[in-house]
Amino acid sequence: MLSSPIPVAVLGATGSVGQRFISLLDNHPWFKVVALAASDRSEGKPYAQACHWVLTDPMPDWAREMPLLPSNPQAMPEVKIVFSALPSDQAKILEPAFAAAGFAVCSNASSYRTESDVPLLLPEVNAEHIQLVRHQRLARGWSGCIITNPNCTSTGLTVALKALDQAFGVKRAFVVSLQALSGAGYPGVPSLDILDNIIPNINGEEEKVEWEPRKMLGRFNGDAIELAQVQISAHTNRVAVLDGHTVCASVELGSFASPQEASEVLRAYQAPEIARGLPSAPQPVIVVRTEADRPQPRLDRLTGGGMSTVVGRVRSDPLLTLKFVVLSHNTIRGAAGGSIYNAELFVSQGLL
Amino acid sequence: MLSSPIPVAVLGATGSVGQRFISLLDNHPWFKVVALAASDRSEGKPYAQACHWVLTDPMPDWAREMPLLPSNPQAMPEVKIVFSALPSDQAKILEPAFAAAGFAVCSNASSYRTESDVPLLLPEVNAEHIQLVRHQRLARGWSGCIITNPNCTSTGLTVALKALDQAFGVKRAFVVSLQALSGAGYPGVPSLDILDNIIPNINGEEEKVEWEPRKMLGRFNGDAIELAQVQISAHTNRVAVLDGHTVCASVELGSFASPQEASEVLRAYQAPEIARGLPSAPQPVIVVRTEADRPQPRLDRLTGGGMSTVVGRVRSDPLLTLKFVVLSHNTIRGAAGGSIYNAELFVSQGLL
Amino acid sequence: MLSSPIPVAVLGATGSVGQRFISLLDNHPWFKVVALAASDRSEGKPYAQACHWVLTDPMPDWAREMPLLPSNPQAMPEVKIVFSALPSDQAKILEPAFAAAGFAVCSNASSYRTESDVPLLLPEVNAEHIQLVRHQRLARGWSGCIITNPNCTSTGLTVALKALDQAFGVKRAFVVSLQALSGAGYPGVPSLDILDNIIPNINGEEEKVEWEPRKMLGRFNGDAIELAQVQISAHTNRVAVLDGHTVCASVELGSFASPQEASEVLRAYQAPEIARGLPSAPQPVIVVRTEADRPQPRLDRLTGGGMSTVVGRVRSDPLLTLKFVVLSHNTIRGAAGGSIYNAELFVSQGLL
Amino acid sequence: MLSSPIPVAVLGATGSVGQRFISLLDNHPWFKVVALAASDRSEGKPYAQACHWVLTDPMPDWAREMPLLPSNPQAMPEVKIVFSALPSDQAKILEPAFAAAGFAVCSNASSYRTESDVPLLLPEVNAEHIQLVRHQRLARGWSGCIITNPNCTSTGLTVALKALDQAFGVKRAFVVSLQALSGAGYPGVPSLDILDNIIPNINGEEEKVEWEPRKMLGRFNGDAIELAQVQISAHTNRVAVLDGHTVCASVELGSFASPQEASEVLRAYQAPEIARGLPSAPQPVIVVRTEADRPQPRLDRLTGGGMSTVVGRVRSDPLLTLKFVVLSHNTIRGAAGGSIYNAELFVSQGLL
C-alpha cells in the first residue's frame, strides 16, 4: 500500500508493553521502527542489553543492537509516529511534548483517555472518533496529536457491548474481570502474592472499566463525543494467568434478545467500513464459542493473532437479559496491538 | 457436655471431602468416628491403604488401620450419625436408606437440598430450619433423617446476605465466583487444564448458587419454608487456587446502607442463639477486612479455623447498592465443617 | 519429494500424544492421515466428539469429522505407517499385530524399546540403527516392523551426550529431571497434587533414563547394537510446567574439555548425513544458550519448532568434567515429533 | 528455664525472613522481641504500616505498633541478641558494628559464613563449633560475636549428610535443588518469570552448597575448623513452590550401606547432646518417608514445625552408593528458625 515505510518509534521500549510493540511491529507492512526510547539510566545502551525480554517470541534481530534514546522529541528527528508504552505519570508530561513537536502519539497510557478532544479508540468499535484529532489540533495548536486506546479490560468488553448495542441497545452491565499477570507489567506481580491465590483488586481499574466503554460507545456529533448512557458496575481481580483477560458480564439490553439471537449478532458483527482491511484489523472481530467451558485464556487468547474478541457461554440472565464471558488478549488487542491498529486507521484516513 | 461420645460414621471417606470430615472429627468433643465407608472395591482395606490423602494436615492415626466398610446401614450397627461425602448419584439412593434405618444423615451432597421437608442448613443463618426434621420424619415415616448443607459457593455468600438481609433487606444480587480446585474433589481438575488458565464454568453450579440462598434466607412458617424473594444471577469459574472460594457480589438492598453501615452490620452479625457456642460455631461469624486487596484465599481461608466468612472491599455499587468480596473455605465451612456444625445443632436441639 | 502422499494412521489418537501426532501431521509434506483409532468405547464417533483437545494449536479441520476406528489392522486397509500413541500395555499386544500384518509401526510406547532387534531411534543420534529393521523382519517373519523412539527425558539428554561422546567420549553421567505435566498424558497429574508442589518421582522413568541412552549411543556392528559403556544415575521429578523437560546433567568425559570447547562441539553438532534434510529434522540439532539463566522451559521449548535440543549453563563440574542443563520439548521432539522423524528416516532409506 | 526473658531485636524486620523471625519469636519461651529495625526510609513507622506481610500466619499483635528503629547499635540499648535478616551487603558492614558493641549477632546472611573464626552452625550437626565464638572474641576484640546459619539449601542436605557421615563416611555428593520462591525474598521472583516455568540458576547458590557442608561437617580441633574432605557438585533451580527446598542427592559413602541400613541410620540420628532439648530443636531431627513419592514440599515442609529434615526415596545409586531426596523448610529450618536455634545453643552454653 505504501511506497516507503513510515518511520516510527517506541517510547517505554524496555517494559512488557514496549516489548510487545517491538514484537508486533516486526515485519509490519507500513511501519518501520527507527528509534527506541527508555528511561535515562538506559540511554545509549543497546536494546538487548537494557531489556529483560519476557515474551516467548524471540526479540527481533534488528532491535538487539539499536541504542536506546532519551524520551524526547529532539532525539528522534525522522520519526512520524511514536507508540507510547510509558507509565501514566511520564505519559502525562511527555506525550503532549511529542504532540506539540509534530508527532502522532499512539498511546497505551491512561493519562489522556478522558480528555474530551482525545480519541479513545477501538477501530472496530468507534473508528469515526478518529476525527476528534482535527479538533484536538485546532484546540491545542498541535501539529501532532494524541490518540489513545482503552484499558485492557475495557477492550474486549466494549467490542462485545458494541455489537449488542448496535442491534438491541445496552442499558446496564455488571462485569467481573479475571485479569492476567502481564497486565501489571514487569516485574509486576510477585510470585509469592499470586501462586495458590487471587488478588481481588487492581488499583484504579474499576473506575476505568466503568467509564471508558461509555466514551467509546458514545456518538461523535461532529464536535464532541456524547457519552453513551450505559451504566456499568465492575469488579476487577488478578489471577494466575500469564496473558488474556477474562470478563464475566451480565447485561440489560434495550430490547429482548435470546442467547441465540445475541450469538448471531455477535458473530456477524463487522467493524465500521473504514476500519476493515487494515493490517491489524481482527479477523473476525468476534468469535463466539459454543462449548460449555470456553473461552479459556490459555487456549483462546491467540484467536485471530490475539486481535479477535472471543465470547462464550451466551445465556439468559435471571436479573437482566443476558450473561456471557468475554476474553481478549491484554497485551496484544488490549495494549500494543490496539495502538498499532489505531495508528493504521489514523494513517489510512490521511491524518498523518 | 456429653457423658460419652456419639458414635458416627463417614460415607465416601476416601474422597477429598471425606478426608476433611476425618481431619475435622479428630478430637471432636462430642463425636467419635467408629466407621468409615467407601466404594465396594475398597471394602475391607485399611483406610490408609485405600486412600490417597491430599490434605496437608496428616491423617489421624486412629484412621489409618480402620477397615473400610460397605456403604449400607447394616454394616454399622452402633452408629447414630452418618456424615455423607457421597457423590450425588449415590447419595440419592443411599441417604434415604440410612435415614429409613434410623440414622441421622448429615449430608454434603446436593441430592436432597431442594426437597421441601429437608433442611438446607447454615446454623449461623437459619438454625430454626432444623425443625423441618420433625415434618420430614412424619411425612416419610423415617426414624432417622436427612439434613443438608449448601453448595460451597452458596455458603459464604448466604452468610453475608443474611447479615445484610436482616438489617436492610436484600432484593437482588449479582455474583461471580472464583472457585478453588478442591471443590472439584480428587483427582478433580487435571493440572493441564488449569495451569496458566481459568475455566469459566462449573457444571450445575450456577443453578445452585441462584436458588439455594433463597431457601436458606426463607422463613420457616411452622410447616414449611417460604422462599425468600431475593433474585440472584451467578457466574461460576474455576481458578488455580487450592482451597477457598472467592465471590464478587453486587447487591441491591431494601433500604439504603453506606459501605460503612454495611460493614458494621456484617461485623456485628451474630448467629441465632441456638447456633452459638456449638463446637464448630464460627468465631466470629463474619470478619470484615478493610485493606484494599483482601480477602485473598491463600491468606484468609483459615480465618476462624476455616469456619468464618471473610468479607472485604465493601463499597458502593453504581447500579445497585453495594459491592463486596466474600471468601469462605470451601471444604471446611463449605463442606465437611458445615455438615459437622449441622450435626451439632441437631444434637443440641435434642433431635437425635 | 514424493509423487503422492503416504497414507498413515494414528493409534491412541484421542490422548495427548495422539493429539500432538495429529497436530504435527497437519500439512506434513509426505504423510496424509487417513485413519484415527482409539479405544473401543469411542469407536464410530467423530474425532472432535470423542476427544478432549488439550493443545493450544486448534484441532485441524480434517480431523474433526473423521470417525474413530478400532485399533486393529483389518480396520485400516490402505494405511502403510501407523503412529502409535498407545499406552504400553496395549502397545505390547497391538503393535506386533500391526507389524505382522505389514504395517510399519512408529511407536512412542516403551514396550519394545529394549528388544535387541527393535531400533530405539533418534535420527540425529543413531540413524544407522534403522538397519535393525531388516534383522527384525527376518527374525520375526514380519512384513511390517516396529521402530521406537525413546522416553521423553532420555531424548534431549541423549542428543547432548552424543555430541560430547563423539568428540570426547562420555563415561559417566549424573542427571536430574524436572519434567512437564504433559509427559503424564491427560488427565494425568491432578492439579491438587502439583500446585505449590513438586512430585519427586515418576514411576519407571529412572530405569529408562539410565538405560535407553546406552542403546542409542551404542554401536551397530552389522548384526546388533553393542551397548555404550556410559553409566548413568537418574533422579526424575514432576514440576508445574506445561511442556518441556529440563535435565540438570553432570558428566565425566573420556578426555578433558573446557566449557568453551564443549559448547563449540555441542553447537557444531550435525546429524548423521542420512538424517539431515528430512522434513522434521531439527534445525539446528542443538542450540547452546549463553545466558546465566537459560534454557527455561516456557521460553525455549519451541526452539526449532520444538525439535531442537537446547543446552545452557555449560560449566566445569567439581567432581566430573562438566555440568550443563538440557531442555527438550517432551511431546514434540520427545514423543510425536520423534516418531514422525523416525518414519521419515525409514521411508527415505527405502525401507517402506 | 530463664527467670526473665532475654531482650532481642530483629534487623531487616520487614523482609520475608524478618517476618519469619517475628512469627517464630512470638511466644518464644526465652526471647522477647523489644526492637525491630529496617532501612532508613521506614524509620519511625509502625511495623504494620511499613511491612507488606506475606506469611499465612497473621502478624502478631505486639509487632503491629512497634516503631521501626534504624539499624545501629546505639538505637537499641537494652538488647542482648540481634537476629539479622539483612541483605549480605548491609550485613557485611552492620554485623561487625553490632558485635563490636557487645551484641550477639545471630545471622542468616552469607557475609561471614566463610570466616575461619565465625561458627557456621546447625546445632543438630556441629553444635561444638559454637566454641569458635571464644576465638572470635579474642581475635577481634569483640565483646559480642557473630554466629551464622548456612544457606537454606545447604541446611537439610548437611543434616542428612551428617547422619550418613557419622555412620559410614561421606566422600562425594551430587546434588540438584528445586528451590521455593520464598528463598528469593519479597518481592523476589516475578510471577511472569515462574508460572509454567523453572529458572535453572540461582546466583551464587551453587558455590555455597558446594562449600558450606564441608565447614559444618568439619572437625573443630580446639583452635579451628578442619574442613571435611567431602566433594560436592551442585545444580540449583527455582521452581513454582511457595516454601520448602527439595534436593535430589546421590552420595558416595566411605563404606557400603544398603538403602535399608542408611534409612535406619537417618531415622535414628540424634543431635549432639548439648543441642537436644532446646526450644527450637527439631523433633525428630530427620523423618524418613517410605512412600514412593515423598517428600513433597507442600505436604511435608511443616514436619516437626518446619524444623525437621525430611528424607525419602532412599535407594541404590548406579554410580555412587545411594540416592535420596531431602526436603527442608527454607524460611524456618533454613533461615529464621535456624538462627533462633543457634541463639538458644549460644545462651544455653553460657556464652551470652
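Quick notes on this structure:
All chains are identified by letter, namely A, B, C and D, in their written order; residue positions are counted from 1 within each chain.
The definition used in the following text is that a residue touches a chain if its C-beta (ideal position, glycine included) is under 8 Å from a C-beta of that chain, and two chains touch if they have at least 3 such contacts.
Owing to the predicted nature of the structure, the values given are computational and were not obtained by experimental measurement.
Among the remaining chains, those touching subunit A and also subunit D are B, C.
With every chain reduced to the mean of its CA atoms, the largest distance from subunit A is reached by D. Looking at C-D and B-D, the interface holding more C-beta pairs in contact is that of C-D.
Taking each chain's centre as the average of its CA atoms, subunit C and subunit D sit 42 Å apart. Note: centroid distance subunit B to subunit D, computed from Cα atoms, is 41 Å. For subunit D, the set of residues touching two or more other chains reads 195-196, 240, 242, 298-299.
On the subunit C side of its complex with subunit D, the touching residues are 172, 174, 176, 178, 195-201, 203, 210, 231-233, 235, 237, 239-242, 246, 248, 250, 292-299, 312-313, 317-320, 323, 325.
The residues of subunit D lying in touch with subunit B in their complex are 56, 195-196, 298-299, 302. By the touch criterion given at the top, residues 16, 54, 181-182, 186-196, 240, 242 of subunit A touch subunit D in their complex.
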